[in-house]
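First chain written, first letter: the chains are A, B and C, and each begins at residue 1.
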Amino acid sequence: MTSVLELDAVTVGYGRLTAVRDASLAIRQGEVVALIGPNGAGKTTLVSAIAGLLRPISGTIRFRGRDITGMPAYRVLELGLGLIPQGRQLFPDLSVADNLLLGGYSRRARPGRDSMLQKMLDRFPRLRERLRQRAGQLSGGEQQMLTIARTLMARPEVLILDEPSLGLAPKIVEEVAEIIQEISQDGTSVLLVEQNVPMALDLASRAYVIEAGEIVDRGSRDELLQRESITAAYLGITDDPGGAP
Amino acid sequence: MCEGVEATPPGKLTAGSLPLSALGITVAAVICVALLSFPSLGGNNYQLRVASTLFFNVALAVGFWAVYLTGLLNMTQIAFVGIGAYTTAALAIHGHWSMWAAVPASVVAALVVGVVIGYATLRLRGSYFFLVSFAFLEVTRLFFTSFFKDQFGGTNGLTGVPRPPVLPVLGASVNLASPSGYYYLTLGLMLLTVTLIWRIVSSRNGLVLRALSQSDSLAESVGISSFRYRMLIFLTSTGLAGLAGSIYAYMNLVVFPTDFGLTRAVLVVVYTVVGGVGHILGPMLGASVITVLGEWLRRFGTLEQLAYGLVLVVVMLFVQGGLVSVPGRITKGSGRLPRSVARTAWKVRLQAMSSAAWRRRREE
Amino acid sequence: MDLTSLVQGGASGALLASLYVLVALGLTIEFSLLRIINFAHGDFYMLGAVAAYYLFAEVALPFPLVVVVAAVGGVILGFLAERTLFRRFHEDLLGAFVLSLGLAWVLEMAVVGKFGAYPKGLPPVVAGVSRFGQVAISNDRIMVIVVGSLIVAAISLYVTKSQVGRAMRAVAQNKDAAALLGINPVFVGTIGFVLGTALATLAGALVSPIFSVDPQMGVGLTIKAFVIVIIGGMGSIPGAVLAGILLGLFEGVGGIYVDNAQLAVLEFLVIILFLILRPKGIMGSAEA
């Protein structure tokens, strides 16, 4: 089976400082893959490089066989790769409607934009109620829904979500998980970046583990759940009470 | 999006000052001796006058550069030159003050206004500071144009500043009102400016702040108050500007509001940028080259000013480190900041990030 | 207080306000998108006025055409200036400022060389004076106020309702997030710069029958526009409109009582106070 997204020995850094070294990973059509690791491991750096916000120092990134290494973000999106960035990067002073309409800015989103907008408002009815409000006034959960809906307007073939559960109440995290499942069922491939490992391994069939800028482990969900290093560090199945939700 | 750069544990920051080698000190000493003996070695009056202008401009450029290093584009400097010049002229003409009283009084006047302006503006972000400093320059000029016309003479300026006295130096007498007298006055101004600014800028805090001039919060996270450091540099530059203004009044014997307007302020920016901001030698070199070039360009009228503008644009586009970076580029293609500054910057950045990450982790 | 002179002052204020808003809009848009301060902005305004002088007083083109030509010239100039000069200085406040200082200098001196250093006046476009009771306002002034307000309204509409205008506001608030939605921030920035420059040259041509044309007319207006952008909140369009109107009226009415230099000193004190009390401006939140 061919990969839709393929990274080969990608190294990313800021100035002279390397944040991610020689990362290789692949995502196949329709898969949900998780990228897990502690805070500061380089997850956001890596997905920023994939989406074109950062230029890798070396290595190649291929999307549907096409080399997209160093391609600017707005062109990467046009090809069909969407990133929902960490921390709900909305345009806080714009209305909810404006935020959604901006999701339909790209050429790829333009055909059938209005029907897509209706579809999003049907799926996220709370956004419909708040169309005229400033996005900055929404609750954290609503903001996350809006960022997801906004990116889905462009109908990406591969969707990367960077820590979608961060800072959300457990009930909303469940809702987000449900949405990710739906997105995947529609045929979209998903790369899910999470510190919330139970949630990530619940959704994903495979996962990569990144620590201190290097991919240190990979495998199917079941394989990883067997590994003591994973269960101890991320699922808290030891004496350590911290970490597990 | 800066995760992944917390590799170094919080450590002690070392000074890493700019290198001041024995060779450098020797060269500086030789240059000083040569400059001091130039008038007696037969420099003619025209050369001495150009040299005085050059020293004066170097002093202004170095003072401007120092504030620029803290991330602020300070347009007030020429206003303080004006305040110094007007204080001297008014006290000497109306109050018959001697040079020994008028010069310090001018420095104090500049400093007093400087403290007020500094407290009001040095906490502002770069763009706001620039605007206010610019407005202050204009307002000071307007003040001398249309307020206290009896004291300041309005648009006619103040004429008839008394000549500076004859000084007995080591048995001989130096006439300060002669070309060689002005030569020594401005040379003294330049050496004082360079020495004071160099001491502040090459201190540990100075290096750190140069490195972090874009990020106050980062500087403050390693325990350095950028406000206090800015204040120190701003006031030093301001006091020196007042002194320069006082000397200006004694050199020209007349002062006009238009002497302290936008044109001169822009020229100081040109000196600094053309010379390069990476090293103190940059503004010194820029001011020297452009002063001499300006003497030559003067015969072309308005084309002179056009040329300044073009030089500024061309340097910004093609020689971003300024003249001072050219030798380095040729030999090793170096970047814009001197290496010691760049190194300090990285240490501080790492330390700030790792301590922030560390704090975060403890909170979790 | 004399009501007639107050209304007369208000009318001068309205004129200044339309000029200020037109020029400040461009500056605030450029800042919000590129994080630069273009010191040559007022000199584009000056170029518009100088062009109007040649086209209207010497070539005798119809005035509406003169204004359109000035605006189109601004589009071309803005595009060239952004591409060749400012492109490398996005987000580099000091660098862009120094560069634009040089550009302002070059433009001014080049115009002095061709046009001469002294102010020149244009003949009136709509001759005559309209009377409202005791108050008399020249028809040219009314024309500028009306046309200026219409253009400001059109620009505001464009920025709030069009997809490109929405993209501009998005880039101003979060460049990376905008790029992730397929918006090219560099392209949008160029549009903003071109729009700003065209507004400046248009304003210069529009007011040329009222204020005399002079190569040095740009610098003062650049400063005024900065003041407005800061008081309105750096990068805020409604803020710039509001602050421009306030400053125009303040000067129009204040001009009755004190002379220009005193007004300038007063304004400076107000700005300092304002910055200390409310450093983010009336509507500011987008400062970098």
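FYI, a residue touches a chain if its C-beta (ideal position, glycine included) is under 8 Å from a C-beta of that chain, and two chains touch if they have at least 3 such contacts.
Keep in mind that this is a model prediction, so the values were computed, not measured.
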Reference subunit C; chain at largest CA-centroid distance: A
Best-connected chain pair, where connection means C-beta pairs in contact: B-C
Distance between the centres, which are taken as Cα means, of subunit B and subunit A, whole angstrom: 50
Whole-Å gap between the CA centroids of subunit A and subunit C: 43
Distance between chain centroids, defined by C-alpha means - subunit B, subunit C (Å): 32
Multi-chain contact residues (two or more partners), subunit A: 53
Shared interface positions of subunit C, touching two or more other chains: none
Subunit C-facing residues of subunit B, complex: 68, 71, 73, 120-121, 124-128, 130-132, 134-136, 138-139, 142-143, 145-147, 262, 266, 269-270, 273, 302-303, 305-306, 308-313, 316-317, 320
In the complex with subunit A, residue positions of subunit C that touch it: 163, 166-167, 169-170, 173-174, 176-185, 285-286
Subunit B contact footprint on subunit C (complex, rising order): 31, 37, 85, 88-89, 93-95, 97-99, 101-106, 108-110, 112-113, 117, 219, 223, 226-227, 230, 234, 259, 261-262, 264-265, 267-268, 271-272, 275-276, 279, 287
Subunit C-touching residues of subunit A, taken from the complex the two chains share: 51-53, 72-74, 77-78, 82-85, 89-94, 98, 101-103, 105-109, 150-151, 154
